Structure formats: structure tokens, C-alpha cells
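Take a look at the structure below.
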């Protein structure tokens, strides 16, 4: 089954910038998702950058752009990499608008570019979930499949819970 | 949903031993699976060591021990970490003997203890798959869910393919 | 020869905080320098925390505290881990005040806690330099021994140069 | 000061081969030393591959080749990356034959390609030592400068000691 990964940014895609002494997106607009896939020896998904933004900075036009990318994708199985801050909000925005597709949002609490990131574990779950779940909108984070209505970060625990 | 991870060894659990200048299991009989889960910020599975062996060294008594552990587990969703060499053989051994449970075998081509391992990606997929697939025996490797009959390593490509 | 490492903070000691989505010092006031040493299989230096601060936030009282720690140390060979922002300023502050000791400042452009840090390379150089250089104040960064008068970050290149 | 690094192989340069499930040299004859230097943000040494071998497999012709490379090098400061098994034997072979140069042997107990290697710490020390020590043959491992006569691995402790 073909899988498309729509990249929207978020912590999973941040890198350390020694000049700024901060975590930021790559200056050249590149995504690390192909590297996460290569580490997982997962060669088959198509990767498409929709944007590279912190999801706390998303507004409705960003969510419209994500929706348009989902609708334009020829694949039935879609993974969206997304910041953890408003992942649930985007999931709920998409709900009811993408009938017939399985959409899985995922991301990370730690950037993939730094050691001990949860990005690989989460993306591994999301790629599998997009292929086997019935159509609908889901989040896959930290080993759980979470329906859109309940997809919210447990800030205290630093993870997503059911 | 409760998930149990049965640890049997394999590459995912190997560590570098500087005296032997080789990859081997921890001398103290420990598994790295809790560390893989912690990296994935996945706190809920129960982890049980059945054995720590290279799957090329498995014989029927090892597979009987795995079967017994599956049958004894109270959970319906079971992940088995396993060497890649004979993962398919174990899957086919279990087929038809564990009705009513969802069994997902997984592992890694590179040890979790060394950088850029596929172990986190694979375990992330397996933990999700064990919760959402119907009962049966599956392998989850490198982004794919593979039925027991076709679960075999593509040695040339260094991964599992459909 | 005994070596003392005085820890003052800086990038080398920062860790990722997933709540803040930023790099910061450990909440519990711990330093990563013992872990850098353990990775280098270097067991002999004494490690003492003077403070854990970003060197851009240093004022004269911080530099007085560093000087006092240097003077109080029984060892002749001293390494100071320090932020890169004002490393040269501290070196020049210490110059002429610590006769008879070999003082080597070092640090990192990337935190040790994230992958591909220069902290290990730099500390490896500093620990050796403190044992073999004549008494005086030096910086050791990125493979170079740099005298205090010329110890300044090349911001453009993201390293220290002669 | 110009520094040349002569690469002879050893653990520092080994990579994981998932087909062999073992640590071995890169199939394409490449060395990881430029990557160790890049991680250390150390841009100036020249890197030259003399061979890529396990030092337990060295014979006199290998040591002659290393000596010839040292003698042919235009630089006064030379680092030799070397397996830990017979590092001391090579140091003693070179002693007295390379007058006027500072030769520093180094290596690692864990490959650079896997996490938590001592290779970066050791090479950082060796590059500095080659520039500041008087001419002669030295080993730099695990934070110590060790004269050729006493350069031998402490197998029990997994490091080099004075």
C-alpha cells in the first residue's frame, strides 16, 4: 500500500543552530523525515513538504493548506508530521472533510536531530497505522492510537496519553 | 489496551563489548527494550524477558518457550522482540496455536545501543499494530505489516519487504 | 598528574527541555561533564560545579567566583568548562592572577546531550593540554590551543580559530 | 601549525554491517576520521589513509608502511589513528626512527560510528598533543599522554592507564 507523508514542521524536524544557540528549522528548508525513514530502513513512503512551521504558529490558512494537500494526494494512507502543540486542533479541523482516507498525525517531543528522540518510534507507529486503520483522522504518539476528539498533549507528563 | 512485550533477544538487544570487540548481549542479562520504550516516551507496555538469544541459535525448545509465554500472558496484545534471522520461522511456528491473540514480531537490523538503529521505528510500529490488528500472527518491520507466511528478511536490501 | 575540572555551565552542559521546547540547564543542578568523561573512558579528573550559567550572563562576581575556585584548587592542572560567548573575556580576567597553574578553558558549540557535539573532542583536548602546557591561561577549542589574548569565537564559522 | 592524521584503521574506524551482524571496516575503503573531525568542528588537519586494518593483524610490513608515511609527511606534527590491540608495539617500532617529529598514536575502545564512542575525546587530545609536545613518540588515550615504552591497554578496565 502506498503511503504519503505530508510534512508540516514541528519539533520532530528541528535542528540545533549554534549561532542562535537554539532549536530551529533548517535554514535551507529541508526536512529530516527522509532521514527518520532511512534510519527505520523504511524506503517506500513518498515525502512532501507542505510547510515547516511550529504548530503554535498555525492559523486557519495553514490548516487549509494541509487539508488541500490531503485532498490532492493520490494515496489513501496519509501521515502528517506536525508540532505537538496544536496537533489535536488540526486533527479536529480535518475531521469530516477527508472521507475515504486514513489520516494519521504524528510528531515528537524531542527533535530527531538530537539523540534519544521519540520521533522514530512515533513515525514507525504512524506509518503502520495509516496502512491498517479504517478511514478517519487519528493521532499516533508514544505507542497509542488516539482519536481526533481526544488528541491532546499531556504537558505535565511530556507525552500523549489516552 | 494492555500490551505485553516478550523479549527473546536478537540484534535489537545487542551491545558493544570492548573486550570482545564485538556485539553481544549484556553480561548481566538485561534487556534494552525498556530504554527503547522510554526513548519513545511509551510508558504502558509490560516487558518480560523470555530469553536473550540470537535467533539463528533457536531450536524447537526455544520456540516452545515463546509459545508458552504467549499462552501464559494475560494480555490480548503481544509484541515479541526477536532476531531477524529466523523471525519468520517463529511466526509460522506460532500460527494456529494462539487463537484470540494479536501477536506481532519485531526486531532490528542494527542494535538499539548503537546510533541510527531501526529498533525504535520498528517497535513503535509493533506496539501500535498489536493494539489495532485483528487476532493472528504478524511481523512489523521497516514500516510494513507482514503476514507470517511471507515474513522473511531481504538480506540483499538489509530490511524486510512485502 | 591530578586534574580538576571546574564547571561553570555553557552550551556543553545544556539539555533539551520538552516543556520549554528549548535547551537549558538540568533542573536538578547536575552537570553532564562526568558523562563526557565516562564516554571518553577518562576516569581520573575531579569535577567541581562552580555554577551552571550561560556565559553571556556572567558578570564580574561570576568571574571572581571562578578565580576563587581556581585559587582554592589543590591541583596545578585546571580545566574550566565555559560558555563560548565570553570564554575569552574570562581567560583575560584570569590572566596574571593564577601564577604557577595551567588553566585551560573549553566548552562546546553543540550541547553534549545532543548528538554530534564537539564537547567530547574539546574536553579531550583540554584535559591533555592542562597536563602538558606550561603554566598560564589557555583556551582549547576545535583542535587548537589558543592564548587568552586571542581567544574569541569565530561566529561566522561556528568554531574557534587561531 | 599543520597537522597530518595518518589513518591505519582500528576500532575507531569500524562500522556495523547488518549483513554480517558485526563491526567491520567500510566496504568502500572510507575512513570516518573526517567525520570525527567535523563533529569536533576541527577543520585544519590533513587526513591520509595508510591502511584500514585491525592492529592485531599488523605485521612488520604494515609498520614499515606507517614509518614510511611518517617520514614522507611534510608536517612536523603527526597523529596516527590505530587499533588499541598493538598500539604500543607500533609506538615502540617507530621510536628512534623519526627524529624531529612529534608522533601521537590514538584510537578508540568503541567505534566512532556507534554512540558513546571515546574516539572523539581521544582524537581531540591527540590533535592538541601533536602540536604542543616536544618531538618524540606518544600515545594519547582516555585523557593521558603515555610514553611509547608504557603504552599498553588495560584490558580489564577497558582503557589506557599511566
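For reference, chains read A, B, C and D in written order, and residue numbers begin at 1 within each chain.
The rule is short, and it goes like this: a contact is a pair of C-beta atoms (placed from the backbone, for glycine too) under 8 Å apart; a residue touches a chain by one contact, two chains touch by 3 or more.
Note that the coordinates shown come from a computational prediction; the quantities given were computed from them, not determined experimentally.
Colleague: Using the contact definition given at the top, which chains are in touch with both chain A and chain D?
Modeller: Expected: B, C.
Colleague: Could you pull out the chain whose C-alpha mean position is farthest off from that of chain D?
Modeller: For chain D, the chain whose C-alpha mean is farthest off is A.
Colleague: Hey, how far is the Cα centre of chain B from the one of chain D, in Å?
Modeller: 38
Colleague: What is the distance, in whole Å, between the centres of chain A and chain C, each centre taken as the mean of its C-alpha atoms?
Modeller: 38
Colleague: Per the centroid of Cα atoms for each chain, what is the distance between chain B and chain C, given in Å?
Modeller: Taking the average C-alpha coordinate of chain B and of chain C, the gap between them is 43 Å.
Colleague: Need the CA-centroid distance for the pair chain C / chain D, whole Å please.
Modeller: Measuring from centre to centre gives 25 Å for this pair.
Colleague: Which positions in chain A are in touch with at least two other chains?
Modeller: Touching at least two other chains: 109, 115, 158.
Colleague: Give every touching pair of chains, nothing left out.
Modeller: Here the touching pairs of chains are A-B, A-C, B-D, C-D.
Colleague: If we count contacts the way the header does, which residues on chain B are in touch with chain D in the complex?
Modeller: Residues of chain B touching chain D: 11, 16, 18-19, 21-23, 109-111, 113-115, 155, 158.
Colleague: Along chain D, where are the residues that touch chain C in the complex?
Modeller: Within the complex, chain D contacts chain C at residues 3, 36-37, 39-45, 109, 115-118, 120-129, 131-133, 140, 142-145, 157-159.
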